[in-house]
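Two complexes come next, and they have one chain in common, subunit A, joined by subunit B in the first and subunit C in the second.
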Partner chain A sequence: MAREDDLKLVQGVGITKRFGGVQALSDVDFEVEKGTIVGLIGPNGAGKTTLFNIVAGAIAPSSGVVRFQGEDITGWSAYKVCRRGIARTFQVTRPFGEMTCLENVAVGVVNRQPGCRRSQWTALAAECLEAVGLRDLAATEARHLNVVQKKRLEIARALATRPELLMLDEVLGGLNSQEIQEAVAFIQGLRDQRRLTILWIEHVMGAIMQATEKVIVLDQGKILTTGTPTEVVNDPRVIHAYLGD
Partner chain B sequence: MSQGASILKSNRKNFLYGAGLAAFAVLPWMLGVYNQHVLIVCLFYTMMAASWNLIAGYTGQISFGHAAFAGIGAYVSGILAVKAGLNPWVGVAAGTVAAAFFGLLVGLLCLRMGGIYLSLTTLGFSEILHIIINNEYEITRGTMGLQVPGLTTSYSKISYFYIFLVGAVITLTIVYKLVHSNVGLNFRAVQNDERAASALGVDVVRTRLLAFTVSSALAGMAGALFGHYMMLITPHIPSLDQQFLVLSMTVIGGLGSFVGPVIGAFCLEILSEYIRAWGEYHVLVFGLVALVVARFAPKGLVGIYKAWRGKKRPETA
Partner chain C sequence: MFAIASMNGIVIGVIYALSALGVSLVVGIMNVVNFAHGEFYILAGYFSYLFATALGMNLLAAMTLAVAIVFVFGLLVEYTLIRPTYGDDLYSLILTFILSIVLQNAYLLIFGPYPNKPPGWVRGATDIFGLFMYGNQRLAALVAGTCVIVFVFAMIKLTWFGRIIRATSQDRGMAELNGVNTTRLNMLSFGLGCALAAAAGVILAPVFPVTPTAGVPVALTAFVVVVLGGMGSLRGCIVGGLTLGLVENLGAAYLSTGYKHVFGFIILILVLAIRPSGLFGHKEA
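And then the complex of A and B:
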């Protein structure tokens, strides 16, 4: 039993969120096993980003419990969740526009390693930029980046916080099929080399099919089904949710 | 750029700063008493604008209580000297601590809410303080002003000039060190995007609280020194007139830049000596100019200069 719990890095139990009269999530249960890449899919408005925000501490659930490595982290502030080892990217990127790319990433470094010197955070931040291929733009202010580069910067910043769980929110937007292939290989590489666990919201189904071990499908704030990518895409309820009658 | 060239460049920059400071330090010997006074007031406003810039320019929180905190510093120091016979230097230290304490208190009350709440609360705080000072006549002497002892045994403008020069250098050093430390990264991250900052592990409330407390403490120190220099503390020090003057200096000089507030303080103080005949209308004019600058050149004179230099030498941009 204890061993089984060890395998669950994150667990949500009965997560419910109401915004006024709108029921964004109702009674959602999910688990992400350590070392896996889990896809989170569903039609627009299904509640995927709301679920992300609840796990990341950006908003508190109306009811339900979020556990990380067995510890109840429900309702923690975002910065505490980050320091505990959960990093997230934003679907609509939120760079610190007037800071350089290096400084953007350095914010993540210095808050996970308080008291680290400038030379240390410069090296660590440069390494994160290198990982996403933005090394050459280290001294550029983030507002000058294009959309794809901004998405990469989101990932570099998240990596800088040394997470155990990395939550990606639609990082493939704007890429062509060649670039999607590279990005999928890159994300799998992150899991293998940095021993990360990844929870990944994505609309590009091809990438989800290829990269994930498990897929959670949300529809209208409820879990529709959970299974391997092949099981999920062949599930008539999933097809129905996406395509309608 | 190679590392050697960059060190050489930074050495040259330090040398220029040092030479400029040294030239400035001998300046009062060549000036008359009136101009010495203007320089001292310039240095006072440098301290005020540079410390206000710390909260407004680097974390994006607009405090309207900066003059009020200067007033707390001045009155605490002055009252201790007059009523308790305390050494004015000890009073200056006590005034600084008192301003920090009230800054922390106000910050704890409203920084959690963010946005416009600090502005509203500090505006109210400033008015309340004003009413208290005007009405507690027995202690503060109200609008008559409180006569206080000076900081030196024999009064000379030159010695006050050096006191204020040291005060300004201390203020600027603290601001520089903070902004260029790891905390400074957090300041700017919070100003750019709070949500992204907290997702990266920044404790937004604590970061703002630190900036606001240090900023208020530095205002307290400036106010206390100024009170002892004038040897008369009036409710003009913690007035909104002063607040908007400091705001205009910072915005016109360059919000969020290190030298901006210094330039703004000197330009506006010297200018207001020339247009003194207009009475208090000059503050109104500065306010309007600051509005125009904030709209069309949000980085102030420093930003305009940088853009101009960037155009002239595009390869360095």
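And then the complex of A and C:
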């Protein structure tokens, strides 16, 4: 039993969230196994981002439990969750616009390693920028970046906090098919080289099919189904949820 | 006359900038306006006076200790009064306003209404380029104020703590997701804001003696400088402080001393009419 728990990096049990009268999530159970890439899909308004926010500590669930490596992290504040090893990116990028790319990344580095030397954190931040191919823009203020570069910066910033779980919120939006291929390879590389576990909200189904081992489908705040990508796309309920009758 | 008025304007401007930095830092990070800012300024003045005169401490030690005590006092105020009010900015506004009145009356009770003045650091006056003689104490205040400002800017610009401060004032939620303990940062930055008021206080106390209510015009000017420069902008504090110092003193020299503060507010109104977010402010904020 203990071994089985070791495999679960994140586990949600009975997660429910109400915003006033709106039931955003009801009784959601999910698991993300260590070292996997798990897709989180569903129509708009299904509750995907709400679930992200709850795991990341941005909001607390109305009821239910989130466990990370077996530890109950429900309702922890966001900075603690971050320091525990969970990082996320945002669908709409939010860089610290008036700081350089290097400084943006450095914020995460110094918070995970308080008291480390200037040369150390500069090097670590530079390494994270290098990983996403932004090395040349290290001294550029983040507000001058284009959309694609800002998305890369989001990932670099998430990596800087040395996460074990990386949560990606629609990182492929606005990319062309060539760029999507590169991004998918990059994300798989992150998992393989950095031994990350990735929970990934995405609307680009091709990428989900290609990269993930497991897909969780949310619809109207409930888990519709969970399975391999092929199982999920052939599931009539999923097709119904997306396309209607 | 122009030269000496400009000199006065620069000296006062640097001190305005220094005390405005503290207000701006707290506004930028916590979105809290500290109405008791002037009273923290005065508190440091009293402490440096007490330590230097009553205890006979070394001047520099007395000043450092005074700033340190006000810093700790600021931490305590944040912890007890400001922290419970997060989520509703209006409460902290009212609470710090009450705190300023309580402190003013406490000073009146303890020290009496008399002006107190810590001993000067230096004596005499220096001949400035053969134009006029200028008091050494004021020159020393100019140098000390500039040093503190340079120190603060170096900290904000170069250290990891400064990066966390900038990140948090730009996007609080995002900073938290990057591992910033914003609750503790609030406490530190409030203490730091108070310490900056205190630094201005100990630097200026030998020139302008402290009285229980002498902090009111200081805080008022600091708010004017912050709005003039743009809410939360530290660069704006410097430009705003110097502008205000120069305008007030040149206005006083050429037009009338009685209207000194009017000139400052005229500049403020003009700037806000053209740039509603202040000289260095952002459209949104």
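Throughout what follows, the second predicted complex is superposed on the first by the 245 of 245 C-alpha atoms of A that agree within 3 Å, B and C clash if a C-alpha of one lies under 4 Å from a C-alpha of the other, contacts with A are read in each partner's own complex, and residues count from 1 in each chain.
Keep in mind that, in the parts below, a contact is a pair of C-beta atoms (placed from the backbone, for glycine too) under 8 Å apart; a residue touches a chain by one contact, two chains touch by 3 or more.
As the structure is a prediction and not an experimental result, all values here were calculated from the model.
Peer 1: If subunit A is used to align the two complexes, do subunit B and subunit C fit next to each other or clash?
Peer 2: clash
Peer 1: Quick check for you: in the superposed arrangement, does A:A106 touch first (subunit B), second (subunit C), both or neither?
Peer 2: It touches subunit B and subunit C both.
Peer 1: Return first, second, both or neither, reflecting whether A:L175 touches subunit B, subunit C, both chains, or no partner chain.
Peer 2: neither
Peer 1: Looking at A:R94, would you say it contacts subunit B, subunit C, both, or neither? Reply first, second, both or neither.
Peer 2: It touches subunit B and subunit C both.
Peer 1: State whether A:A138 touches subunit B only (first), subunit C only (second), both chains, or neither.
Peer 2: After superposing on A, A:A138 lies clear of both subunit B and subunit C.
Peer 1: Applying the touch criterion given at the start, work out whether A:A78 contacts subunit B, subunit C, both or neither, answering first, second, both or neither.
Peer 2: It touches subunit B and subunit C both.
Peer 1: Across the two complexes, what residues of subunit A are contacted by subunit B and by subunit C?
Peer 2: 56, 58, 77-79, 82-83, 87-88, 90, 94, 96-99, 103, 106-108, 110-112, 121, 157, 160-161.
Peer 1: Which residues, counting only subunit B, touch subunit A once they are in their complex?
Peer 2: Checking each residue of subunit B against subunit A gives 182, 185-186, 188-189, 192-193, 195-204.
Peer 1: Going by the contact rule at the top, pick out the subunit A residues touching subunit C in the complex.
Peer 2: 56, 58, 77-79, 82-83, 87-88, 90, 94, 96-99, 103-104, 106-108, 110-112, 118, 121, 157, 160-161
Peer 1: In the complex formed with subunit A, which residues of subunit C make contact?
Peer 2: Going through subunit C, the ones touching subunit A are 160, 163-164, 166-167, 170-171, 173-183.
Peer 1: Which part of subunit A faces subunit B closely enough to touch in the complex?
Peer 2: Within the complex, subunit A touches subunit B at residues 56, 58, 77-79, 82-83, 87-88, 90, 94-99, 103, 106-108, 110-112, 114-116, 121, 157, 160-161.
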